[in-house]
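Heads up, the thing below is written out as structure tokens.
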Amino acid sequence: MKKIVEWAEIGPMFSDGVSIMFGGFMGVGTPLGIVSALIESKVRNLTLIGNDTAAPTTGIGPLIDSGQASKVIVSHIGTNPVTGKKMIAGELDVELVPQGTLIERIRAGGSGLGGFLTPTGVGTVAEEGKQKLTVQGREYLLEIPLRADVAIIKAKKADTAGNLVYERAARNFNPVIALAADLVIAEVDEIVDVGEIDPDHVMTPGALIDKIVVRMGG
Amino acid sequence: MDAKEIIARRVALELNEGDIVNLGIGLPTMVPRFLPPDIHITLQSENGFLGMAPLEGEPLPGIVNAGGTPCGIQIGAAFFDSAMSFALIRGGHIDVTVLGGLQVDEAGNLANWMVPGKMVPGMGGAMDLVSGAKKVIVAMEHCTKDGEARLLRLCNLPLTARSRVSKVITELAVFKVSAAGFVLLETVSGVSIEMIRERTEAGFAISDDIKPMPLYS
Amino acid sequence: MDAKEIIARRVALELNEGDIVNLGIGLPTMVPRFLPPDIHITLQSENGFLGMAPLEGEPLPGIVNAGGTPCGIQIGAAFFDSAMSFALIRGGHIDVTVLGGLQVDEAGNLANWMVPGKMVPGMGGAMDLVSGAKKVIVAMEHCTKDGEARLLRLCNLPLTARSRVSKVITELAVFKVSAAGFVLLETVSGVSIEMIRERTEAGFAISDDIKPMPLYS
Amino acid sequence: MKKIVEWAEIGPMFSDGVSIMFGGFMGVGTPLGIVSALIESKVRNLTLIGNDTAAPTTGIGPLIDSGQASKVIVSHIGTNPVTGKKMIAGELDVELVPQGTLIERIRAGGSGLGGFLTPTGVGTVAEEGKQKLTVQGREYLLEIPLRADVAIIKAKKADTAGNLVYERAARNFNPVIALAADLVIAEVDEIVDVGEIDPDHVMTPGALIDKIVVRMGG
């Protein structure tokens, strides 16, 4: 399977109504070229799953601004006033999930687990609609797995087999979402020959990566 | 010295040599600059590293705090993914978290993430931090801008977590939260217990060992 | 050609270009040497890596298979910890697992880890592999050494997993497991369906498209 | 806190009846010097938690052979006949746990989770005594967290702050058990100055490591 693709091939990988997990914290670690390709593709009714909605012009923000998302599942939206406005106007469904629960739900979805028990959110609005279980005398919420149709990843480097290396805090959600989607696309700063990355330094094994595209103007 | 600085200076005295600390946004980020010179802490950042430091010089690729703002790293820092970051947070590997608060009540409940109809930013990592850190210190001004009490019998804003607050530090006083409720440990010089009672809706016991609030400077 | 080699050669034909494969101990480890030259697979090893290869030259530090025996790695290999290894296994990231079997039954149940009173070695990673791999191929001799059937109506040994076996490949035949039970797909040259019936306790349907077992050599 | 210690300090860190998680797969990634120190210390009634009991003279095997363990929680014992003999003789309690469930139980114990739902073991003897839950139409076992008093780790390299790097498949259980014990001791081949390990290459942050000891004859 040919993993390395051209930018023109990216847009057609998405269709209306798909769910997309994205890497990044306030845009750092978000594949900005893929976000641009999504805007150009004009796909609509997207469900976006990631840490936050960044700001109107950073990270995943432009996809909120463009009205292409109908739902977001994130841990906070406070830094992007557009998200709040669209939510209040009824144009965007916002599901807020505690950050640790969100990443763990994604990990569960990618790891074949049926869910997990977390103390986070017990006694708060986060427990609404959830089963509570007591284990070893402590109360927990049962949180269920989360998967997506596509994961869009930003890495510093890929080898031709798709092994990825992230840089500093740009790692964040990226290695975890690589486990939890049917199609996994990585935008990278550079591609090196297979064998150039020490097998101990690989952060996401190439087996998880379906497509690789090199950052424009990289 | 304004209220925020008084609070930040007093919080700094709560930290011990070697502590792993996560600081919430706002006032808590002021704390490190008031640490005594013999106290070295390691700051954890939710987005995935240990060893956060102030920015020195030019920003470096990927070295940003949880708000996406360039920062520095200590020598010996370590980066990891978000699942590991919250394994550390929820798993009791953070010695202390210092967070701002909107309300704290006698049961040690904290509300600091949402004001229905006004502010719905999302909880981010706050619920996990308050659930998981070994010690939860709330650093907040004693009353709201309108003069309403923030130390309450029962929080009326949506909670961040139940029964997890260890200490509350304001510009007027320091309280611990015991099984029986608030205990006043310290007051700032010139502030009477009566004045604190006026500004505190919650009931509180007074420590046998009540002291003036030390302010390191 | 002995029974084991017949089985291993036939299993090799089940693998597709690019497959991520986990091989159980014993017979399954023979499979890679019979792969067609245009088929390249990546072997996963439970102890934490992708890209296992035969040992070439001197053993290198830490490069061992799940049995602790020195092995080699492919170019492009990646190492990780055990939690990630089983995230891959349980999470459906392994295309095919090939495992030995003691018994398989009509419901696709597999027993291959324990004989009460005789062999209690522990399940190791087998239960996870059988639960999680996209395709589970059982590679085993058709009968026990004592001539007892291994394809049964119902397994009587403790199970490894329920309803997860996709195919059973023996030195006599190839079966798939459908919702309605076993379907005979292929027989080895010179073996009659009657002979297979004699050696198979389970009922089985016969594929409309039944073929001789191809043996790549 | 002084993290780097001498071998003479290792034995006294253990007492009778403690539970010990150990790294290693068939001895590869097991801290053999610490195992020797445990044998010399003559502590008894140990609970040992790890992947396997290796062989009588490799990995954790000598601690089974010496009769110092009263219980093991492992995924297999077939490679060490002594484990089987002691189990049959009633001298050793053996709890067998599927490998993926074992490492995930340890991760849960170290991550503040109250448990997780796994499909592994459903319909087998592994489900005995466990709660079953159905999520999204599939049946799962509820598995509960596992922690220990002490974790003993083998790494290739530590810096003076305790940041660890493992080598190849010797990583296995080590980074996970580092999360799940009250005292975490690492045996390393070498100690380098803090700052010598790239922060992106740290596999276990020093914050999790309490004590470091350098392999003898290293």
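Labels A, B, C and D are assigned to the chains in the order they are written; within every chain, residues are numbered from 1.
We take it that a contact is a pair of C-beta atoms (placed from the backbone, for glycine too) under 8 Å apart; a residue touches a chain by one contact, two chains touch by 3 or more.
Please read these numbers as outputs of a predicted model, since none were measured by experiment.
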{"item": "Any chain in contact with chain A as well as chain C", "value": "D"}
{"item": "Farthest chain relative to chain C (centres taken as mean CA coordinates)", "value": "B"}
{"item": "Distance between the centres, which are taken as Cα means, of chain D and chain B, whole angstrom", "value": "35"}
{"item": "Mean-CA-position distance for chain C and chain B (Å)", "value": "55"}
{"item": "Chain centre separation (chain C, chain D; CA means) in Å", "value": "29"}
{"item": "Overlap residues in chain C, where contacts from two or more other chains coincide", "value": "49, 79-80, 86, 89-90, 131-132"}
{"item": "Of all residues in chain A, the ones touching two or more other chains", "value": "104, 107, 112-113, 118-119, 166-168, 171, 199-200"}
{"item": "Chain contact topology (line, ring, star, complete or other)", "value": "other"}
{"item": "Pairs of chains, among all present, that meet the touch criterion", "value": "A-B, A-C, A-D, B-D, C-D"}
{"item": "Partner chain C, residues of chain A touching it in the complex", "value": "1, 107, 110-113, 159-161, 163, 179, 194-195, 199-200, 202, 205-208"}
{"item": "Residue numbers on chain B that touch chain D, as the complex places them", "value": "17-18, 20, 42, 44, 49-51, 73, 75-80, 86-93, 131-132"}
{"item": "Touching residues (chain side chain D, partner chain A) in the complex", "value": "104, 108, 112-119, 133, 135-136, 138, 140, 142, 144-145, 165-168, 171, 199-201"}
{"item": "Chain D residues touching chain C - in the complex, by the definition given at the top", "value": "25-29, 51-52, 54, 58-59, 74-79, 84, 87, 96, 98-101, 103-104, 107, 118-126, 156, 166-176, 203"}
{"item": "In the complex, chain C residues that touch chain D", "value": "45-49, 60-68, 79-83, 85-86, 89-90, 109, 114, 119-128, 131-132, 158-163"}
